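In this document, chain identifiers A, B and C correspond to the written order of the chains, with residue numbering beginning at 1 in each.
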Amino acid sequence: MSVSEGLRATITRAKRNDLIFVGLGIAALLFAASTFVALFLDMVGDGMSRLNPGFFTEFASRRAERAGILAAWVGTFAVMIVTALVAVPIGVASGIYLEEYAPKNKMTALIEININNLAGVPSIVYGLLALGLFVHTFGLGASVQTAGLTLALLILPVVIVATREAIRAVPGSIREAAYALGATRWQMVSDHVLPYSMPGILTGVIIGLSRAIGETAPIVTIGAVTFIAFLPPAPVTSSPPFLNFDWLSSPFTAMPIQIFNWTSRPEEAFQANASAAALVLVVMTLLMNAIAIWLRYRLRRNLNW
Amino acid sequence: MNDEQKKPDPSTLEKKAAALALNFFYGQKQALKNINLPIYDRKVTALIGPSGCGKSTFLRCFNRMHDLYPGTRYEGQIRLYPDDVNLLDKAVDPIEVRMRLSMVFQKPNPFPKSIFENVAYGLRIRGEKRRSVLMDKVEEALKNAALWNEVKDRLDELATTLSGGQQQRLCIARSLASEPELLLFDEPTSALDPIATASIEELIHQLREKITILIVTHNMQQAARVSDFTAYMYLGDLIEFGWTDDVFFRPKEKQTEDYITGRFG
Amino acid sequence: MSQAPIAGRLAYRRSRHIREQIIEWLLLSSALVAVATTVGIVFILVKESLVFFGQVSIIDFLTDSQWTPLFSDPHFGIWVLLSGTLTSSAIALCVAIPVGTTLAIYLSEFASARVRETAKPILELLAGIPTIVFGYFALFFVTPLLKIIYPELPGFNLLSAGLVMGVMIVPYISSISEDAMRAVPMSLREGAYAMGATRLQVALNVVVPAAFSGLAAAYILGISRAVGETMIVAVAAGMQPNLTFNPTDQAATITAYIVQVAKGDLPHGSVGYQTIFAAGLTLFLLTLVFNLMGYFLRKRFREEY
């Protein structure tokens, strides 16, 4: 192949730039990956020694080597239940409304801009909302329900966006088929669109919850207690009416709060606790994310619209 | 278009390129089967055939566009003359191939840049930096593409503000600016209205004085109007090749005749 | 024979219609929860800030060079906190924009499908790590690392917090940018390839300009993230209000200040309590501007392709 010498030199130079960029790209990728690895190894190195069964069954303590995360993980679990129970129905319903019902008008546009903006509001602002509204105006206190509601509002945009995307992937022909058989709009949605988009919605819900589980700023802001040596009352009792909702208004602590608290202690022994707890929290969020990624992968493989 | 008397024996014509025993595969699927086809110098060769017959696939072999996608494989040769090299040779750099062959696509695809920068782009990546040279070449290319008068006062405007027909002529100007030896057209008018189509056909007519053209079209009238030679392809096979009016009026193959007379396809 | 069946059918249709209406209202009211959240945020922030600005002039708030709300001679110069926020955000963006963009171009234009499918979940996992854990990582891993190079660095500093924040934002920027670049139609790339352009030339000359508004949206949303980030700076940059733009100083950001006050026991209704709402309002307005810009840029990009 013959091109002029000058042109060949130009091409060679351009191709060398290509190679340099590939090097940069791989370097960027390795940079991100190595941060991830360093973070993980750092936590394992500092906190592994504290990860014994007692760490999960003991309350926080003034003595670092006796302190555990019992109150923290139970608190996190309780808060997550409230969050999921609030965020999932509201988020999915909003998503359905916006995709299947909303007319194209100013009001809908406003709701959309609003959801997009909410997704970008700093989490600590949600904390201020909760402090002013739930704690002081509604008098719900720094309780499980306040934290649950706050985090539910925080992840609402995530659930809504995921729901909309999943619903949008259901082809219009399915809707027409349902209508043609005489289904009402709601029958079409509840019998067809919703079941078919369930895996996608579930993926969004898990990702939202994995974000909520690690959120620290809003629950610090509402004034969650950092040192707590009891568990919320059990939701099930042995005597009628067998259900007890006192746990909702119980004070609580949570995993990220516990980590934050231990991180601010000067003693090195508490830093080991902090990294052990951080490791537990990271493993929890990674597991949730991994489930979500796996779900999405399966979803992509099984669906061929 | 071509009178009987003016038609010499093709074997006396000079060749610009030739496909020799060309096979092409998408993964396991063979899309081109043993194609042998000469492309004569400064002539317009049209590729016709029903959708999926492999005519675009064949065209895209010439400038190695298939190299961009994984799982594609060439066998055989496309020789470019007068160098007499095989364009498909692994040792041949596809970028050098594309520097000498240009392509105009089905849908106009101007870059999101100014009209001037669109036409100058090929020169820029060839290392040309002198503004005056760029200006001259851009003007010449736009004139050759019959677009100069319409855009000379708005060279700095975004190319996407042009109409569809203008955009396609801009893409032709873009291809011409780097003075290619062989111009590949992939159904260049399929996205255009009849008036814009007529202007592009007129342009092709003028260009063939200077340049070799290979054009894919599924519009048979267009092939008859603009080309000197026509190749009919079907399901990856080359069925018939010859002077355009021979193929259209005296086809040797029954299949070609059926397609051309509209009994099939 | 004629009347009854028709009446029956009409009655049936009306009940069905009512049921459908009720469902639609329920869905709409769910969608309005998001709007109510925004209204709630604005209401609470403005209400408490108004009380605050009743006691502190807005001129002082914007011009005073000290932030000492709890001193006997209190000063309320928001610039002190803003300087920390801007400095840490600037450091973060110096990391996140180049690395995120390089990564996005590499993954979208260079990487094989296999590399891409492996890299993206890893980046997602990185994005899913709780920020408190990143804060821990900044304080106990990155700061000691930086001290090796620069021994005078204080234990709390903006540099380490900013750098880690940058890494945290990388996946965010790269995923939005990559989506934008992948949306650029293949025909545009082919146009440049057919002229003999290399991959890098196609990426930089065609894909990046075509995806420009999408990239801009990614950067702006990245800025919004950095400005609103709380736990990393609260843990690693210290809580000392400090009017500085020096990365090696310690300084409180707006978010860190809110955490610091909320963690303590400031009585509800005190000026100290109201400062966090004034600070929160500043933060909310700042991120609102970025979020809206990002939203409209992204929307414009989606309309282009």
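The rule is short, and it goes like this: contacts are C-beta pairs under 8 Å (C-beta built on N, C-alpha and C of every residue); 3 or more make two chains touch, one makes a residue touch a chain.
Keep in mind that this is a model prediction, so the values were computed, not measured.
Put simply, the chain closest to the centre of the protein, by Cα centroids, is C.
For the pairs A-B and B-C, the larger set of C-beta contacts lies at B-C. Averaging C-alpha coordinates per chain places the centre of subunit A 15 Å away from that of subunit C. Our note on geometry: subunit A versus subunit B, Cα centroid distance of 53 Å, whole angstroms.
Separating the CA-averaged centres of subunit B and subunit C is a span of 49 Å. Shown for subunit B are the residues in touch with two or more other chains, namely 95-97, 99, 125-126. Subunit A has residues 11, 14-15 in contact with two or more other chains. Annotation for subunit C: residues 196-198, 201 touch two or more other chains. Interface of subunit B with subunit C (complex): residues 63, 65, 68, 70, 95-99, 102-103, 105-107, 109-113, 121-122, 125-126, 171, 174-175, 178, 184. Across the complex, subunit C meets subunit A through its residues 16, 19-20, 23-24, 26-28, 30-35, 37-38, 40-41, 44-45, 47-48, 99, 102-103, 105-107, 110-111, 119, 121-126, 128-137, 139-141, 167, 170-171, 196-201, 203, 221, 224-225, 227-231, 234-235, 255, 258-259, 262-263, 268, 276-277, 280, 283-284, 287-288, 290-292, 294-295. On the side of subunit A, the complex with subunit C involves touching residues 11, 14-15, 17-18, 21-22, 24-26, 28-29, 31-33, 35-36, 38-39, 42-43, 46, 89-91, 93-94, 96-98, 101-102, 110-111, 113-129, 131-133, 136, 153, 156-157, 160, 184-186, 207, 210-211, 213-217, 220-223, 226, 256, 259-260, 263-264, 271, 274-275, 278, 281-282, 285-286, 288-290, 293. Against subunit A, in their complex, subunit B makes its touches with residues 80, 83, 85, 87, 92-93, 95-97, 99-100, 125-127. Partner subunit B is touched in their complex by these residues of subunit C: 112-113, 185, 187-198, 201, 205-206, 209-210, 212.
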